[in-house]
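Below is a structure I'd like to ask you about.
So that you can tell them apart, the chains are marked A, B and C in the order they are listed, and the count of residues begins at 1 in each.
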Amino acid sequence: MRLSARELLILFCVGAAGGLIGDAGHVQAGTTTYLDDETPFVWESALWFPILVGLATASLGELRLRLGPSRPGFDSQAGIGAIAAVLALYAVTALVYDEPEGPATTLVVMLAVLIAAWLGGGRPALVCGLAAAVVGPAAEILIVELDLAEYASSADSLFGVALWLPALYFAFGYVAAQLAELLAARRPT
Amino acid sequence: MRLSARELLILFCVGAAGGLIGDAGHVQAGTTTYLDDETPFVWESALWFPILVGLATASLGELRLRLGPSRPGFDSQAGIGAIAAVLALYAVTALVYDEPEGPATTLVVMLAVLIAAWLGGGRPALVCGLAAAVVGPAAEILIVELDLAEYASSADSLFGVALWLPALYFAFGYVAAQLAELLAARRPT
Amino acid sequence: MRLSARELLILFCVGAAGGLIGDAGHVQAGTTTYLDDETPFVWESALWFPILVGLATASLGELRLRLGPSRPGFDSQAGIGAIAAVLALYAVTALVYDEPEGPATTLVVMLAVLIAAWLGGGRPALVCGLAAAVVGPAAEILIVELDLAEYASSADSLFGVALWLPALYFAFGYVAAQLAELLAARRPT
(Lines give C-alpha, C1' and ligand atoms only; values in the text may rest on other atoms or scores of the structure.)
Protein backbone atom coordinates (compact mmCIF):
# COMPACT_ATOMS: atom_id res chain seq x y z
CA MET A 1 0.00 0.00 0.00
CA ARG A 2 1.15 3.52 -0.77
CA LEU A 3 -0.78 4.95 2.17
CA SER A 4 0.03 3.91 5.73
CA ALA A 5 -2.62 2.37 7.96
CA ARG A 6 -2.88 5.67 9.80
CA GLU A 7 -3.34 7.63 6.57
CA LEU A 8 -5.96 5.18 5.31
CA LEU A 9 -7.79 5.55 8.62
CA ILE A 10 -7.73 9.35 8.33
CA LEU A 11 -9.21 9.16 4.82
CA PHE A 12 -11.80 6.63 6.00
CA CYS A 13 -12.87 8.89 8.88
CA VAL A 14 -12.99 12.06 6.76
CA GLY A 15 -15.02 10.25 4.11
CA ALA A 16 -17.40 8.66 6.60
CA ALA A 17 -17.97 11.98 8.37
CA GLY A 18 -18.54 13.78 5.06
CA GLY A 19 -20.89 11.03 3.92
CA LEU A 20 -22.90 11.38 7.13
CA ILE A 21 -23.22 15.16 6.75
CA GLY A 22 -24.10 15.03 3.07
CA ASP A 23 -26.49 12.10 3.43
CA ALA A 24 -28.32 13.80 6.30
CA GLY A 25 -29.04 16.66 3.91
CA HIS A 26 -30.41 14.26 1.28
CA VAL A 27 -32.63 12.48 3.81
CA GLN A 28 -33.88 15.70 5.46
CA ALA A 29 -34.67 17.28 2.09
CA GLY A 30 -36.35 14.13 0.80
CA THR A 31 -33.87 13.57 -2.03
CA THR A 32 -33.35 10.00 -0.81
CA THR A 33 -35.27 7.72 1.52
CA TYR A 34 -33.93 4.63 3.26
CA LEU A 35 -36.17 1.57 2.82
CA ASP A 36 -33.82 -0.61 4.87
CA ASP A 37 -35.19 -0.95 8.41
CA GLU A 38 -32.96 -3.77 9.57
CA THR A 39 -29.64 -1.93 9.77
CA PRO A 40 -28.81 0.33 12.71
CA PHE A 41 -28.84 3.99 11.85
CA VAL A 42 -26.24 6.67 12.56
CA TRP A 43 -27.83 10.13 12.53
CA GLU A 44 -29.95 10.01 9.35
CA SER A 45 -27.97 7.25 7.58
CA ALA A 46 -28.04 3.48 7.59
CA LEU A 47 -24.74 2.37 9.11
CA TRP A 48 -23.46 0.91 5.85
CA PHE A 49 -23.61 4.23 3.99
CA PRO A 50 -20.87 6.16 5.82
CA ILE A 51 -18.79 2.96 5.94
CA LEU A 52 -19.02 2.65 2.14
CA VAL A 53 -18.14 6.32 1.62
CA GLY A 54 -15.21 6.01 4.02
CA LEU A 55 -13.92 2.90 2.22
CA ALA A 56 -14.35 4.66 -1.14
CA THR A 57 -12.39 7.67 0.11
CA ALA A 58 -9.51 5.52 1.34
CA SER A 59 -9.55 3.44 -1.88
CA LEU A 60 -9.49 6.52 -4.09
CA GLY A 61 -6.64 7.96 -2.03
CA GLU A 62 -4.64 4.74 -2.46
CA LEU A 63 -5.48 4.70 -6.17
CA ARG A 64 -4.26 8.29 -6.49
CA LEU A 65 -0.85 7.56 -5.06
CA ARG A 66 -0.46 4.48 -7.25
CA LEU A 67 -1.18 6.59 -10.34
CA GLY A 68 1.77 8.90 -9.97
CA PRO A 69 3.81 11.12 -7.70
CA SER A 70 1.86 13.62 -5.66
CA ARG A 71 2.27 17.36 -5.85
CA PRO A 72 4.33 19.01 -3.11
CA GLY A 73 3.47 22.02 -1.09
CA PHE A 74 -0.04 21.30 0.10
CA ASP A 75 -1.22 22.77 3.33
CA SER A 76 -4.17 21.79 5.48
CA GLN A 77 -6.06 24.87 4.33
CA ALA A 78 -6.21 23.46 0.79
CA GLY A 79 -7.59 20.22 2.22
CA ILE A 80 -10.24 22.04 4.24
CA GLY A 81 -11.25 24.03 1.18
CA ALA A 82 -11.55 20.87 -0.93
CA ILE A 83 -13.69 19.11 1.68
CA ALA A 84 -15.90 22.18 2.06
CA ALA A 85 -16.33 22.41 -1.72
CA VAL A 86 -17.61 18.85 -2.15
CA LEU A 87 -19.87 19.11 0.90
CA ALA A 88 -21.29 22.37 -0.45
CA LEU A 89 -21.96 20.58 -3.76
CA TYR A 90 -23.57 17.69 -1.84
CA ALA A 91 -25.88 20.22 -0.12
CA VAL A 92 -26.67 21.85 -3.47
CA THR A 93 -27.87 18.47 -4.79
CA ALA A 94 -30.12 18.14 -1.73
CA LEU A 95 -31.64 21.56 -2.40
CA VAL A 96 -32.16 21.30 -6.18
CA TYR A 97 -33.39 17.70 -6.41
CA ASP A 98 -36.98 18.85 -6.98
CA GLU A 99 -36.07 21.62 -9.40
CA PRO A 100 -36.35 21.03 -13.18
CA GLU A 101 -33.87 18.30 -14.01
CA GLY A 102 -32.15 20.12 -16.87
CA PRO A 103 -30.83 23.22 -15.10
CA ALA A 104 -30.33 21.32 -11.83
CA THR A 105 -28.12 18.79 -13.60
CA THR A 106 -26.27 21.52 -15.51
CA LEU A 107 -25.59 23.36 -12.26
CA VAL A 108 -24.22 20.29 -10.47
CA VAL A 109 -22.13 19.18 -13.47
CA MET A 110 -20.62 22.63 -13.99
CA LEU A 111 -19.85 23.08 -10.29
CA ALA A 112 -18.19 19.65 -10.29
CA VAL A 113 -16.09 20.64 -13.32
CA LEU A 114 -15.23 23.93 -11.60
CA ILE A 115 -14.09 22.09 -8.46
CA ALA A 116 -12.00 19.72 -10.59
CA ALA A 117 -10.45 22.61 -12.56
CA TRP A 118 -9.73 24.43 -9.29
CA LEU A 119 -8.12 21.42 -7.59
CA GLY A 120 -6.21 20.37 -10.68
CA GLY A 121 -3.98 17.36 -10.30
CA GLY A 122 -3.65 16.29 -13.90
CA ARG A 123 -4.31 12.81 -15.22
CA PRO A 124 -4.13 10.93 -11.88
CA ALA A 125 -6.83 13.15 -10.35
CA LEU A 126 -8.93 12.84 -13.50
CA VAL A 127 -8.73 9.03 -13.30
CA CYS A 128 -9.85 9.16 -9.65
CA GLY A 129 -12.72 11.48 -10.59
CA LEU A 130 -13.86 9.27 -13.44
CA ALA A 131 -13.50 6.07 -11.38
CA ALA A 132 -15.65 7.61 -8.66
CA ALA A 133 -18.17 8.86 -11.24
CA VAL A 134 -18.63 5.30 -12.54
CA VAL A 135 -18.33 3.14 -9.43
CA GLY A 136 -20.26 5.40 -7.04
CA PRO A 137 -23.49 5.68 -9.07
CA ALA A 138 -23.21 1.97 -10.02
CA ALA A 139 -23.11 1.07 -6.32
CA GLU A 140 -26.08 3.34 -5.61
CA ILE A 141 -28.04 1.84 -8.51
CA LEU A 142 -27.41 -1.56 -6.91
CA ILE A 143 -28.60 -0.20 -3.54
CA VAL A 144 -31.79 1.03 -5.19
CA GLU A 145 -32.25 -2.31 -7.00
CA LEU A 146 -31.89 -4.10 -3.65
CA ASP A 147 -34.68 -1.91 -2.23
CA LEU A 148 -32.41 -0.56 0.47
CA ALA A 149 -33.04 3.06 -0.50
CA GLU A 150 -34.71 5.13 -3.18
CA TYR A 151 -34.37 8.51 -4.82
CA ALA A 152 -37.32 10.90 -5.07
CA SER A 153 -39.27 10.52 -8.29
CA SER A 154 -38.03 13.96 -9.41
CA ALA A 155 -34.43 12.70 -9.25
CA ASP A 156 -34.34 9.07 -10.31
CA SER A 157 -33.94 9.19 -14.07
CA LEU A 158 -30.51 7.49 -14.18
CA PHE A 159 -31.54 3.87 -13.55
CA GLY A 160 -33.21 4.90 -10.32
CA VAL A 161 -30.60 7.40 -9.14
CA ALA A 162 -30.24 11.10 -9.93
CA LEU A 163 -28.85 12.27 -13.26
CA TRP A 164 -26.45 14.58 -11.39
CA LEU A 165 -25.07 11.76 -9.20
CA PRO A 166 -22.02 10.97 -11.40
CA ALA A 167 -21.02 14.65 -11.25
CA LEU A 168 -21.20 14.67 -7.44
CA TYR A 169 -19.01 11.53 -7.33
CA PHE A 170 -16.65 13.05 -9.91
CA ALA A 171 -15.98 15.98 -7.58
CA PHE A 172 -15.68 13.53 -4.67
CA GLY A 173 -12.99 11.60 -6.57
CA TYR A 174 -10.99 14.79 -7.13
CA VAL A 175 -11.24 15.73 -3.45
CA ALA A 176 -10.21 12.24 -2.28
CA ALA A 177 -7.24 12.39 -4.66
CA GLN A 178 -6.21 15.79 -3.35
CA LEU A 179 -6.48 14.65 0.27
CA ALA A 180 -4.18 11.71 -0.50
CA GLU A 181 -1.70 14.14 -2.05
CA LEU A 182 -1.99 16.32 1.04
CA LEU A 183 -1.26 13.37 3.32
CA ALA A 184 1.74 12.38 1.20
CA ALA A 185 3.04 15.96 1.21
CA ARG A 186 2.91 16.06 5.01
CA ARG A 187 5.15 13.06 5.48
CA PRO A 188 8.51 13.76 7.09
CA THR A 189 11.19 13.42 4.43
CA MET B 1 -8.57 40.06 -37.72
CA ARG B 2 -6.51 39.22 -34.66
CA LEU B 3 -8.02 35.74 -34.46
CA SER B 4 -7.56 33.22 -37.27
CA ALA B 5 -10.56 31.69 -39.01
CA ARG B 6 -9.95 28.49 -37.10
CA GLU B 7 -9.81 30.31 -33.76
CA LEU B 8 -12.98 32.25 -34.56
CA LEU B 9 -14.68 28.98 -35.42
CA ILE B 10 -13.61 27.43 -32.12
CA LEU B 11 -15.04 30.39 -30.21
CA PHE B 12 -18.23 30.26 -32.27
CA CYS B 13 -18.70 26.55 -31.55
CA VAL B 14 -17.93 26.88 -27.82
CA GLY B 15 -20.35 29.80 -27.55
CA ALA B 16 -23.09 28.09 -29.55
CA ALA B 17 -22.78 24.90 -27.48
CA GLY B 18 -22.81 26.85 -24.23
CA GLY B 19 -25.80 28.87 -25.40
CA LEU B 20 -27.68 25.66 -26.19
CA ILE B 21 -26.97 24.17 -22.76
CA GLY B 22 -27.81 27.33 -20.86
CA ASP B 23 -30.89 28.11 -22.91
CA ALA B 24 -32.24 24.58 -22.46
CA GLY B 25 -32.13 25.22 -18.71
CA HIS B 26 -34.06 28.47 -19.11
CA VAL B 27 -36.71 26.84 -21.31
CA GLN B 28 -37.06 23.74 -19.12
CA ALA B 29 -37.37 25.83 -15.95
CA GLY B 30 -39.82 28.24 -17.56
CA THR B 31 -37.54 31.26 -17.24
CA THR B 32 -38.01 31.97 -20.94
CA THR B 33 -40.50 30.79 -23.53
CA TYR B 34 -40.07 30.91 -27.30
CA LEU B 35 -43.03 32.46 -29.11
CA ASP B 36 -41.40 32.01 -32.51
CA ASP B 37 -42.83 28.92 -34.19
CA GLU B 38 -41.45 29.53 -37.67
CA THR B 39 -37.77 28.88 -37.03
CA PRO B 40 -36.39 25.35 -36.78
CA PHE B 41 -35.44 24.34 -33.27
CA VAL B 42 -32.23 22.75 -32.00
CA TRP B 43 -32.81 20.96 -28.69
CA GLU B 44 -34.86 23.53 -26.72
CA SER B 45 -33.68 26.62 -28.65
CA ALA B 46 -34.76 28.40 -31.80
CA LEU B 47 -31.89 28.01 -34.25
CA TRP B 48 -31.01 31.70 -34.20
CA PHE B 49 -30.25 31.72 -30.46
CA PRO B 50 -27.10 29.53 -30.40
CA ILE B 51 -25.96 31.21 -33.63
CA LEU B 52 -26.22 34.63 -31.99
CA VAL B 53 -24.37 33.45 -28.87
CA GLY B 54 -21.66 31.87 -31.02
CA LEU B 55 -21.25 35.09 -33.03
CA ALA B 56 -21.14 37.11 -29.82
CA THR B 57 -18.46 34.83 -28.38
CA ALA B 58 -16.27 35.12 -31.48
CA SER B 59 -16.84 38.91 -31.63
CA LEU B 60 -15.92 39.38 -27.96
CA GLY B 61 -12.81 37.26 -28.48
CA GLU B 62 -11.75 39.39 -31.44
CA LEU B 63 -12.52 42.55 -29.45
CA ARG B 64 -10.38 41.26 -26.58
CA LEU B 65 -7.29 40.78 -28.71
CA ARG B 66 -7.72 44.22 -30.31
CA LEU B 67 -7.82 45.83 -26.86
CA GLY B 68 -4.37 44.75 -25.80
CA PRO B 69 -1.81 41.98 -25.54
CA SER B 70 -3.06 38.76 -23.99
CA ARG B 71 -1.64 37.21 -20.85
CA PRO B 72 0.73 34.30 -21.31
CA GLY B 73 0.68 30.99 -19.54
CA PHE B 74 -2.90 29.85 -19.92
CA ASP B 75 -3.67 26.19 -19.95
CA SER B 76 -6.80 24.43 -21.14
CA GLN B 77 -7.80 23.75 -17.54
CA ALA B 78 -8.28 27.48 -16.98
CA GLY B 79 -10.48 27.61 -20.05
CA ILE B 80 -12.59 24.67 -18.89
CA GLY B 81 -12.99 26.27 -15.47
CA ALA B 82 -14.09 29.56 -17.02
CA ILE B 83 -16.66 27.87 -19.27
CA ALA B 84 -17.97 25.81 -16.34
CA ALA B 85 -18.28 28.95 -14.20
CA VAL B 86 -20.45 30.85 -16.65
CA LEU B 87 -22.62 27.79 -17.40
CA ALA B 88 -23.08 27.25 -13.65
CA LEU B 89 -24.17 30.90 -13.37
CA TYR B 90 -26.51 30.40 -16.35
CA ALA B 91 -28.08 27.43 -14.52
CA VAL B 92 -28.37 29.48 -11.32
CA THR B 93 -30.41 32.08 -13.22
CA ALA B 94 -32.71 29.30 -14.45
CA LEU B 95 -33.24 28.07 -10.89
CA VAL B 96 -33.78 31.43 -9.14
CA TYR B 97 -35.93 33.19 -11.74
CA ASP B 98 -39.08 32.71 -9.63
CA GLU B 99 -37.42 33.62 -6.34
CA PRO B 100 -37.80 37.15 -4.92
CA GLU B 101 -36.14 39.47 -7.41
CA GLY B 102 -33.96 41.32 -4.90
CA PRO B 103 -31.87 38.46 -3.49
CA ALA B 104 -31.94 36.56 -6.81
CA THR B 105 -30.47 39.57 -8.59
CA THR B 106 -27.94 40.18 -5.81
CA LEU B 107 -26.81 36.54 -6.02
CA VAL B 108 -26.34 36.61 -9.80
CA VAL B 109 -24.60 40.01 -9.76
CA MET B 110 -22.21 39.01 -6.99
CA LEU B 111 -21.39 35.66 -8.59
CA ALA B 112 -20.70 37.49 -11.87
CA VAL B 113 -18.38 39.92 -10.06
CA LEU B 114 -16.70 36.97 -8.35
CA ILE B 115 -16.13 35.24 -11.70
CA ALA B 116 -14.73 38.47 -13.13
CA ALA B 117 -12.45 39.01 -10.13
CA TRP B 118 -11.29 35.38 -10.38
CA LEU B 119 -10.56 35.51 -14.11
CA GLY B 120 -8.98 38.94 -13.94
CA GLY B 121 -7.62 40.31 -17.20
CA GLY B 122 -7.55 44.00 -16.42
CA ARG B 123 -9.12 46.72 -18.51
CA PRO B 124 -9.48 44.72 -21.77
CA ALA B 125 -11.51 42.01 -20.01
CA LEU B 126 -13.58 44.66 -18.23
CA VAL B 127 -14.42 46.30 -21.56
CA CYS B 128 -15.49 42.92 -22.97
CA GLY B 129 -17.62 42.29 -19.87
CA LEU B 130 -19.29 45.70 -20.06
CA ALA B 131 -19.82 45.45 -23.83
CA ALA B 132 -21.52 42.08 -23.36
CA ALA B 133 -23.58 43.44 -20.45
CA VAL B 134 -24.96 46.20 -22.66
CA VAL B 135 -25.29 44.56 -26.08
CA GLY B 136 -26.58 41.16 -24.89
CA PRO B 137 -29.57 42.41 -22.90
CA ALA B 138 -30.31 45.02 -25.59
CA ALA B 139 -30.49 42.24 -28.18
CA GLU B 140 -32.74 40.18 -25.92
CA ILE B 141 -35.01 43.19 -25.28
CA LEU B 142 -35.35 43.49 -29.06
CA ILE B 143 -36.14 39.76 -29.30
CA VAL B 144 -38.89 40.23 -26.69
CA GLU B 145 -40.19 43.33 -28.48
CA LEU B 146 -40.38 41.32 -31.72
CA ASP B 147 -42.51 38.70 -29.91
CA LEU B 148 -39.97 35.98 -30.67
CA ALA B 149 -39.58 35.01 -26.99
CA GLU B 150 -40.60 36.18 -23.55
CA TYR B 151 -39.35 36.05 -19.99
CA ALA B 152 -41.55 34.77 -17.16
CA SER B 153 -43.50 37.51 -15.42
CA SER B 154 -41.36 37.01 -12.31
CA ALA B 155 -38.24 37.90 -14.30
CA ASP B 156 -39.10 40.56 -16.84
CA SER B 157 -38.64 43.83 -14.98
CA LEU B 158 -35.80 45.16 -17.18
CA PHE B 159 -37.78 46.20 -20.28
CA GLY B 160 -39.15 42.68 -20.59
CA VAL B 161 -35.97 40.78 -19.70
CA ALA B 162 -34.61 39.77 -16.31
CA LEU B 163 -32.92 42.29 -14.03
CA TRP B 164 -30.01 39.86 -13.59
CA LEU B 165 -29.47 39.45 -17.36
CA PRO B 166 -26.71 42.11 -17.67
CA ALA B 167 -24.78 40.36 -14.91
CA LEU B 168 -24.97 37.01 -16.71
CA TYR B 169 -23.72 38.66 -19.91
CA PHE B 170 -21.02 40.49 -17.94
CA ALA B 171 -19.60 37.13 -16.80
CA PHE B 172 -20.00 35.81 -20.35
CA GLY B 173 -17.91 38.70 -21.68
CA TYR B 174 -15.12 37.93 -19.22
CA VAL B 175 -15.14 34.25 -20.16
CA ALA B 176 -15.10 34.99 -23.92
CA ALA B 177 -12.16 37.37 -23.33
CA GLN B 178 -10.28 34.73 -21.37
CA LEU B 179 -10.90 32.07 -24.04
CA ALA B 180 -9.45 34.43 -26.66
CA GLU B 181 -6.38 34.92 -24.47
CA LEU B 182 -6.12 31.17 -24.07
CA LEU B 183 -6.23 30.66 -27.84
CA ALA B 184 -3.58 33.34 -28.34
CA ALA B 185 -1.36 31.79 -25.67
CA ARG B 186 -1.52 28.41 -27.40
CA ARG B 187 -0.17 29.70 -30.70
CA PRO B 188 3.23 28.36 -31.67
CA THR B 189 5.76 31.14 -31.32
CA MET C 1 -5.64 52.92 16.36
CA ARG C 2 -3.92 50.92 13.66
CA LEU C 3 -6.32 52.21 11.00
CA SER C 4 -6.52 55.91 10.17
CA ALA C 5 -9.81 57.79 10.46
CA ARG C 6 -10.11 57.69 6.69
CA GLU C 7 -9.52 53.93 6.54
CA LEU C 8 -12.04 53.33 9.33
CA LEU C 9 -14.55 55.44 7.42
CA ILE C 10 -13.97 53.41 4.24
CA LEU C 11 -14.57 50.17 6.14
CA PHE C 12 -17.66 51.64 7.80
CA CYS C 13 -19.10 52.70 4.44
CA VAL C 14 -18.31 49.40 2.71
CA GLY C 15 -19.85 47.47 5.61
CA ALA C 16 -22.94 49.69 5.81
CA ALA C 17 -23.52 49.45 2.05
CA GLY C 18 -23.05 45.66 2.10
CA GLY C 19 -25.38 45.37 5.08
CA LEU C 20 -28.04 47.37 3.24
CA ILE C 21 -27.80 45.17 0.13
CA GLY C 22 -27.78 41.90 2.05
CA ASP C 23 -30.52 42.94 4.45
CA ALA C 24 -32.77 44.08 1.60
CA GLY C 25 -32.55 40.50 0.28
CA HIS C 26 -33.52 39.09 3.66
CA VAL C 27 -36.48 41.44 4.01
CA GLN C 28 -37.69 40.96 0.42
CA ALA C 29 -37.44 37.18 0.70
CA GLY C 30 -39.14 37.14 4.10
CA THR C 31 -36.14 35.70 5.93
CA THR C 32 -36.35 38.54 8.44
CA THR C 33 -39.04 41.07 9.31
CA TYR C 34 -38.56 44.35 11.17
CA LEU C 35 -40.97 44.82 14.06
CA ASP C 36 -39.48 48.20 14.94
CA ASP C 37 -41.69 50.95 13.52
CA GLU C 38 -40.16 53.86 15.40
CA THR C 39 -36.77 54.05 13.66
CA PRO C 40 -36.42 55.69 10.25
CA PHE C 41 -35.80 53.22 7.46
CA VAL C 42 -33.15 53.26 4.72
CA TRP C 43 -34.23 51.16 1.74
CA GLU C 44 -35.54 47.98 3.44
CA SER C 45 -33.54 48.32 6.68
CA ALA C 46 -34.07 50.10 9.98
CA LEU C 47 -31.39 52.78 10.16
CA TRP C 48 -29.55 51.09 13.01
CA PHE C 49 -28.83 47.90 11.01
CA PRO C 50 -26.40 49.27 8.40
CA ILE C 51 -24.81 51.44 11.11
CA LEU C 52 -24.16 48.35 13.24
CA VAL C 53 -22.74 46.41 10.28
CA GLY C 54 -20.53 49.36 9.35
CA LEU C 55 -19.25 49.67 12.94
CA ALA C 56 -18.64 45.91 13.04
CA THR C 57 -16.68 46.06 9.77
CA ALA C 58 -14.46 48.88 11.01
CA SER C 59 -13.98 47.17 14.40
CA LEU C 60 -13.02 43.86 12.79
CA GLY C 61 -10.59 45.67 10.51
CA GLU C 62 -8.96 47.39 13.49
CA LEU C 63 -8.88 44.06 15.36
CA ARG C 64 -7.20 42.43 12.36
CA LEU C 65 -4.32 44.89 12.26
CA ARG C 66 -3.80 44.63 16.01
CA LEU C 67 -3.50 40.83 15.70
CA GLY C 68 -0.46 40.83 13.45
CA PRO C 69 1.24 42.23 10.39
CA SER C 70 -0.85 42.25 7.23
CA ARG C 71 0.06 40.42 4.05
CA PRO C 72 1.57 42.49 1.26
CA GLY C 73 0.62 42.52 -2.35
CA PHE C 74 -3.14 42.93 -2.26
CA ASP C 75 -4.86 44.62 -5.12
CA SER C 76 -8.33 46.08 -5.26
CA GLN C 77 -9.52 43.15 -7.37
CA ALA C 78 -8.98 40.82 -4.41
CA GLY C 79 -11.04 43.17 -2.26
CA ILE C 80 -13.86 43.30 -4.79
CA GLY C 81 -13.86 39.50 -5.03
CA ALA C 82 -14.02 39.16 -1.25
CA ILE C 83 -16.93 41.62 -0.95
CA ALA C 84 -18.77 39.87 -3.80
CA ALA C 85 -18.25 36.48 -2.15
CA VAL C 86 -19.80 37.46 1.18
CA LEU C 87 -22.69 39.29 -0.50
CA ALA C 88 -23.34 36.22 -2.67
CA LEU C 89 -23.41 34.12 0.51
CA TYR C 90 -25.76 36.67 2.11
CA ALA C 91 -28.08 36.29 -0.90
CA VAL C 92 -27.85 32.49 -0.68
CA THR C 93 -29.10 32.67 2.92
CA ALA C 94 -32.05 34.78 1.76
CA LEU C 95 -32.93 32.19 -0.90
CA VAL C 96 -32.56 29.01 1.19
CA TYR C 97 -34.14 30.19 4.46
CA ASP C 98 -37.31 28.20 3.77
CA GLU C 99 -35.50 25.09 2.52
CA PRO C 100 -34.95 22.14 4.89
CA GLU C 101 -32.70 23.41 7.67
CA GLY C 102 -30.12 20.60 7.45
CA PRO C 103 -28.89 20.99 3.86
CA ALA C 104 -29.44 24.77 3.91
CA THR C 105 -27.19 25.07 6.95
CA THR C 106 -24.62 22.68 5.49
CA LEU C 107 -24.51 24.71 2.29
CA VAL C 108 -24.00 28.03 4.08
CA VAL C 109 -21.42 26.61 6.49
CA MET C 110 -19.40 24.95 3.71
CA LEU C 111 -19.49 28.03 1.50
CA ALA C 112 -18.31 30.11 4.48
CA VAL C 113 -15.44 27.66 5.07
CA LEU C 114 -14.63 27.77 1.36
CA ILE C 115 -14.50 31.59 1.41
CA ALA C 116 -12.27 31.48 4.49
CA ALA C 117 -9.95 28.88 2.92
CA TRP C 118 -9.82 30.95 -0.27
CA LEU C 119 -9.05 34.24 1.48
CA GLY C 120 -6.59 32.66 3.88
CA GLY C 121 -4.90 35.01 6.30
CA GLY C 122 -3.84 32.59 9.00
CA ARG C 123 -4.60 32.95 12.68
CA PRO C 124 -5.44 36.69 12.68
CA ALA C 125 -8.15 36.20 10.04
CA LEU C 126 -9.45 33.13 11.89
CA VAL C 127 -9.76 35.16 15.09
CA CYS C 128 -11.71 37.86 13.21
CA GLY C 129 -13.96 35.19 11.68
CA LEU C 130 -14.64 33.55 15.03
CA ALA C 131 -15.18 36.89 16.78
CA ALA C 132 -17.73 37.87 14.14
CA ALA C 133 -19.37 34.42 14.34
CA VAL C 134 -19.93 34.91 18.09
CA VAL C 135 -20.66 38.62 18.44
CA GLY C 136 -22.82 39.02 15.32
CA PRO C 137 -25.40 36.32 16.12
CA ALA C 138 -25.36 37.36 19.81
CA ALA C 139 -26.26 40.91 18.78
CA GLU C 140 -29.01 39.63 16.49
CA ILE C 141 -30.39 37.38 19.25
CA LEU C 142 -30.58 40.49 21.43
CA ILE C 143 -32.36 42.36 18.62
CA VAL C 144 -34.90 39.53 18.39
CA GLU C 145 -35.31 39.47 22.19
CA LEU C 146 -35.98 43.23 22.12
CA ASP C 147 -38.76 42.64 19.55
CA LEU C 148 -37.06 44.88 17.01
CA ALA C 149 -36.98 42.18 14.32
CA GLU C 150 -37.70 38.50 13.87
CA TYR C 151 -36.56 35.62 11.71
CA ALA C 152 -39.06 33.49 9.78
CA SER C 153 -40.21 30.43 11.71
CA SER C 154 -38.32 28.21 9.25
CA ALA C 155 -35.05 29.90 10.22
CA ASP C 156 -35.14 30.77 13.90
CA SER C 157 -33.85 27.66 15.64
CA LEU C 158 -30.72 29.29 17.14
CA PHE C 159 -32.32 31.25 20.00
CA GLY C 160 -34.57 33.03 17.52
CA VAL C 161 -32.03 33.53 14.73
CA ALA C 162 -31.04 31.22 11.89
CA LEU C 163 -28.76 28.25 12.49
CA TRP C 164 -26.61 29.37 9.55
CA LEU C 165 -26.16 32.91 10.91
CA PRO C 166 -22.79 32.25 12.64
CA ALA C 167 -21.42 30.90 9.34
CA LEU C 168 -22.49 34.04 7.46
CA TYR C 169 -20.81 36.21 10.12
CA PHE C 170 -17.73 33.96 10.03
CA ALA C 171 -17.28 34.71 6.33
CA PHE C 172 -17.99 38.39 7.04
CA GLY C 173 -15.17 38.43 9.62
CA TYR C 174 -12.73 37.00 7.08
CA VAL C 175 -13.73 39.57 4.48
CA ALA C 176 -13.46 42.48 6.94
CA ALA C 177 -10.00 41.21 7.93
CA GLN C 178 -8.91 40.99 4.30
CA LEU C 179 -10.19 44.49 3.53
CA ALA C 180 -8.14 45.83 6.45
CA GLU C 181 -5.08 44.06 5.04
CA LEU C 182 -5.84 45.54 1.64
CA LEU C 183 -6.05 49.05 3.09
CA ALA C 184 -2.77 48.53 4.96
CA ALA C 185 -1.08 47.22 1.80
CA ARG C 186 -2.10 50.32 -0.13
CA ARG C 187 -0.43 52.74 2.24
CA PRO C 188 2.51 54.67 0.78
CA THR C 189 5.70 53.36 2.32
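In this text, contacts are C-beta pairs under 8 Å (C-beta built on N, C-alpha and C of every residue); 3 or more make two chains touch, one makes a residue touch a chain.
A quick note: this is a predicted structure, and the numbers were derived from the prediction, not measured.
Engineer: By the document's touch definition, which label belongs to this structure's chain graph: line, ring, star, complete, or other?
Structural biologist: Chain contacts: complete, every pair touches.
Engineer: Cα superposition of chain A onto chain B: how big is the rotation, rounded to the nearest 5°?
Structural biologist: 120
Engineer: Specify, for the interface formed by the sequence copies chain A and chain C, whether it is same or different in terms of residue numbers shared by both sides, with half as the dividing line.
Structural biologist: The interface of chain A with chain C is built from mostly unshared positions.
Engineer: Distance-wise, how many Å sit between the C-alpha centres of chain A and chain C, to the nearest whole number?
Structural biologist: Chain centroid spacing, chain A to chain C, equals 31 Å.
Engineer: Listing for chain A: what residues touch at least two other chains?
Structural biologist: Residues of chain A never touch two or more of the other chains.
Engineer: Within the complex, which stretch of chain C touches chain A?
Structural biologist: Listed in rising order, the residues of chain C that touch chain A are 96, 99-104, 106-107, 110-111, 113-114, 117-118, 120.
Engineer: Help me check something: in the complex, which residues belonging to chain B touch chain A?
Structural biologist: For chain B paired with chain A, touching residues are 21-22, 24-26, 28-30, 44, 77-78, 80-81, 84-85, 87-88, 90-92, 94-95.
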